[in-house]
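One chain, subunit A, appears in both complexes that follow, with subunit B as partner in the first and subunit C in the second.
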Partner chain A sequence: MSKHVAVVGAGIAGIEAASILNAMGHSITLIEKNEILGGHINHWHQLFPNRRQGRDLLEKLYEKMDDSIQVQYGKEITSIKPFSGKFIVTAADGWVTNADAVLMATGFDLFDAHKKEEYGYGIYDHVITSADLEEIFIQGEGLNPRLGKDPQRIGFIHCVGSRDEKAGNIYCSKVCCITAVKQAIEIKELYPSVEVYCFYMDLRMFGRHYEELYQEAQEKHNIQFIRGRLSEASENKQGGVVVKVEDTLLGKPLKLTLDLLVLMSGMVAPVAVTNMRDKLGLAKVDDGFLKPVDPHTQANLSELPGFFMAGTATGPKTITDTLTDARSAALEIDRFLKEII
Partner chain B sequence: MQDSASRFGYFVSPDRQIDFDRNNHEVASKVAAAEPGLNWCISCGTCAATCTAAKFTDFSLRRIILQVKRGELKGLAREAQKCMLCGKCQLVCPRGISTRNLILQINRVLQSENL
Partner chain C sequence: MKADGKKLIWKEYQKEIADDHYFYARSCIRQNFFPGSEKAFTRIMKDELGKDLCDNQHHTSCTGIGYHTDVVPFETTMTVIARQFSLMTEAGYSNYIASCITSFGLYTEIIETWKHFPETLEKTRDFLYKATGREFTVPNNLAHASDIIYKFRNEIAAKAKYRLVDKNTGSPLKVVEHIGCHYSKMFPHKGVGGAEYPYVLTGMIESWGGEVVDYPERRHCCGFGFRQYAIQANRGFSIACSRKKFDSMEPYEPDMIITNCPGCPMFLDRWQYALSEMEGRTYGKDKQGIPVFTYEEVAGMLLGYDPWQLGLQVHQVPAEPLLDKIGIEYDPEAKFKGPNGEDMGKPAAPSYLKFYQE
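And then the complex of A and B:
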């Protein structure tokens, strides 16, 4: 008899792991809190580093999904309880299922930029987040409806809600640096005469072809990188956003006015998942993400046999790393299910 | 001295903030047009570390490039002329910038703008 796996979260990690486990002959229920599959990628126009459409990546993943995978939409999981070698998985609407193994592919939430009040998100009209900008790209009408004119100067603020003790998050969200570079290039392609400034603490171009994209941003698009963290933003009478940073490479404070300020929101652990982690008595990390037994060799395992995790549930990851992690989780789950027979 | 005395020892500090909106960005765009390497600089400082002139003065190509980009041009023409064009910086630049041409172009533009 085939074993039953509950995959919580139908973002890219959940879809990938579900497809593979299903192909291995296990019975899969893929549980999604929203009414559609795909998670955050639904709201991402283009992906780094090769600028493919987010839509296109999802299509590729859906192609691999077999119809025998049972998908449950609109099910927000509120409780997972171990019960005589199985798990009882319960949703907010009362829906329940039993599973031999659970995979937490619960992903991340975007950092709420309102919390960095000094940056003016939700206060000034021309301060938006990286996620808002992706929606603008998807809508395809450019920035004019929001600004009422062609923009002349746009600034990107790196590390919003990341590497910031004051925001409660000391970790790096990994994807924002390269996303800012990608979005800056997209902006320059839409508005070639616009001046673009990226304000950063460190530029972390760790991935394959990220450095090349950064170089392209400088050489081909004349995007300027200023090393300094935004202290505060304010609005002038014309609706422009005045930013103040220390130009740390010149050792002087710098002030400039922008038509649009884009905040690169980082990743945070979903509160509901952190609560579930604590209810189950699993190991904690300060930042709320799930903690694997061993970060190198058992990155998908918890101390609870049968309870697995994949993707950004364990911390910020790129798409490439998330998919690799999901496949690795599928292998671990397959091994576990064979052992319990 | 007398001036200082009449101010009772007080003085007004000049604003040291970079006022990017008001600064001159013409020089940067003219230099970049003649030597695009201006925009490739990542401020790593290898040029300044290897510079012969920097051993004895506070000459720094890294800083000069940044000043041009920010439009902080006060005293820059005099500073930029301290380069002896030995070219050691060009040998070490990780971004492959033609640093010698860059400093020549900075000098040329600053002089032509009478700065």
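And then the complex of A and C:
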């Protein structure tokens, strides 16, 4: 008799793990709080480093999904309780299922850029987040409807809500640097004459072909990378965004007016998942993400037998790392289920 | 600009402000800079709002300027402030109001220090007792005087004779609000509206009929940074700060500036004169400058107090064009007369900035 696995979250980690576990012969319920599969990738236009469409990646993952996977949409899980060697998984609308194992593929939330009050998100008309910019790319109408003109100068602020003790997040969100490089190139392709500035603390081009994309941004597109954090943004009479930044390489303060300021919002742990973690009495990490038993050898296991985690539920990851992690979790779950038979 | 975005932030930064029975500590310098402001505050509190206010003559400087310029050690400052609190305790009050922004910031810093490092509170009690034989309790409620006027802004609006409105067009006046740095930049949750988009003066301006001007250098210091001004060699930085603000606000054609700090109105007002003499540069219409007021002066003006009793004649930038715009009555002949009608004499006219009504 096949064992039942509840996979919480149908982003890319959940879909990948569900497909593999299903192919291994387990019965899978994939539970998604939204009405569509795919999570954040639905809102991402192009992916780094090869600029493929986000939609294209999702199609590839959907192809592997077998119809026998039960998908539950619109189910926000509010409680997971261990009971007699199983887990009772309950949603906000009262829906309940029992599972032999649970995989938390609950992903991340975007850092709420309103919290960086001095950057003016939600106050100044032309301050947006990286996620807002992806939506603009997806809409395909460029920046003109928003700005009322072709942009002349655009700035990207790296590390918004990441590596920021004041925001309560000391970790790096990993994907923002390369996303900013990718978005800056997309902007230059749309508007070749626009001046683009990226304001960064450190550029973390750790992934395969990231450095090449960064090089292309500088050499081919003349995108300016300035090491320095934004101290404040304000709005001038024409609706431009006036930014004050220190160029820490030159040791000089800079003040310039931009047509658009893009805040590279980092990843944060979803509050509901952190609360669930605490209710289950699982090990805590201060940043709210789930904590694996061992970061190297048991990166998908919790102290609670049968309760697993994958993807950005345990901390910021790239797409490649998320999918790899999901496959690793599927193997761990398969091993666990075989042991309990 | 999205007004709703600011409203969300303002909700996050609301503070408890006591509604009566206050111990009032005046500023060292405000009575020299803007001599009618503190008097206007006590008059509004007692006569207009019917509040119980203890205006105690025995308190001293809080040592703020000395502390921030590294002349006075922190232990001394804590002991001096403990003495102020002992006067409050002795008078039977527990709600403390500071007239000065730097004092308010320093009181906040010290109360927070005592909270986080209780041994410093015990040490201060010991120092004060040994030096003066006094004892004290920490205030239940600490507010800046502008918090109090903010709290009662609608009551003041209801009693006001005038509004911040152009009498000829009915349009709201365009008002620049400038908050003293020590109000909330150090402890954002201790100021109404926080540090980035403070609401304390904006709330008054909205209640009194004006329209707030948000300009790019709104957050910038007025130029009264102690290390800029108190050190003579650095004064160029001070005037450069003020100039940066004037250049930034000028395109919005503000009718006036309202401030809540002792130094800000002083520097934003007097440096307009200095800039005009140095560069021949004036701001505002017809070389009249942009008039600068304390919030008590504005409240007093709108309540119909005599502008010369409010001390507006000591402003470097003349207030009359604004009084005329609102329709506030005043006697131009009385501007340079003393309380008994004696002629105090006209000051010399600046080279560029208009000082007299001509």
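Some points to look at:
Keep in mind that, in the parts below, the second predicted complex is superposed on the first by the 341 of 341 C-alpha atoms of A that agree within 3 Å, B and C clash if a C-alpha of one lies under 4 Å from a C-alpha of the other, contacts with A are read in each partner's own complex, and residues count from 1 in each chain.
The working rule: a contact is a pair of C-beta atoms (placed from the backbone, for glycine too) under 8 Å apart; a residue touches a chain by one contact, two chains touch by 3 or more.
It should be emphasised that the depicted structure is a prediction, and the values quoted were computed from it without experimental measurement.
In the superposition on chain A, contact is made by A:His114 with subunit C only, not with subunit B. Residue contacts after overlaying the shared chain place A:Lys237 against subunit C, while subunit B stays out of touching range.
Applying the stated contact rule after C-alpha superposition, one finds that A:Gln224 touches subunit B and leaves subunit C untouched. When the two structures are aligned on the shared chain, A:Tyr124 is found in touch with subunit C, with no touch to subunit B.
When the two structures are aligned on the shared chain, A:Lys252 is found in touch with subunit B, with no touch to subunit C. When the two structures are aligned on the shared chain, A:Glu212 is found in touch with neither subunit B nor subunit C. Across the complex, subunit C meets subunit A through its residues 1-2, 5-6, 8-9, 194-197, 214-219, 251-252. In the complex of the two chains, the subunit A residues touching subunit C come out as 114, 117-118, 120-125, 232, 234-237, 242. On the subunit A side of its complex with subunit B, the touching residues are 215, 218-219, 222, 224-225, 227, 247, 249-250, 252-257. Of all residues in subunit B, those touching subunit A in their complex are 16-21, 32, 36, 39-40, 42-43, 62-63, 66-67, 69-70, 72, 95.
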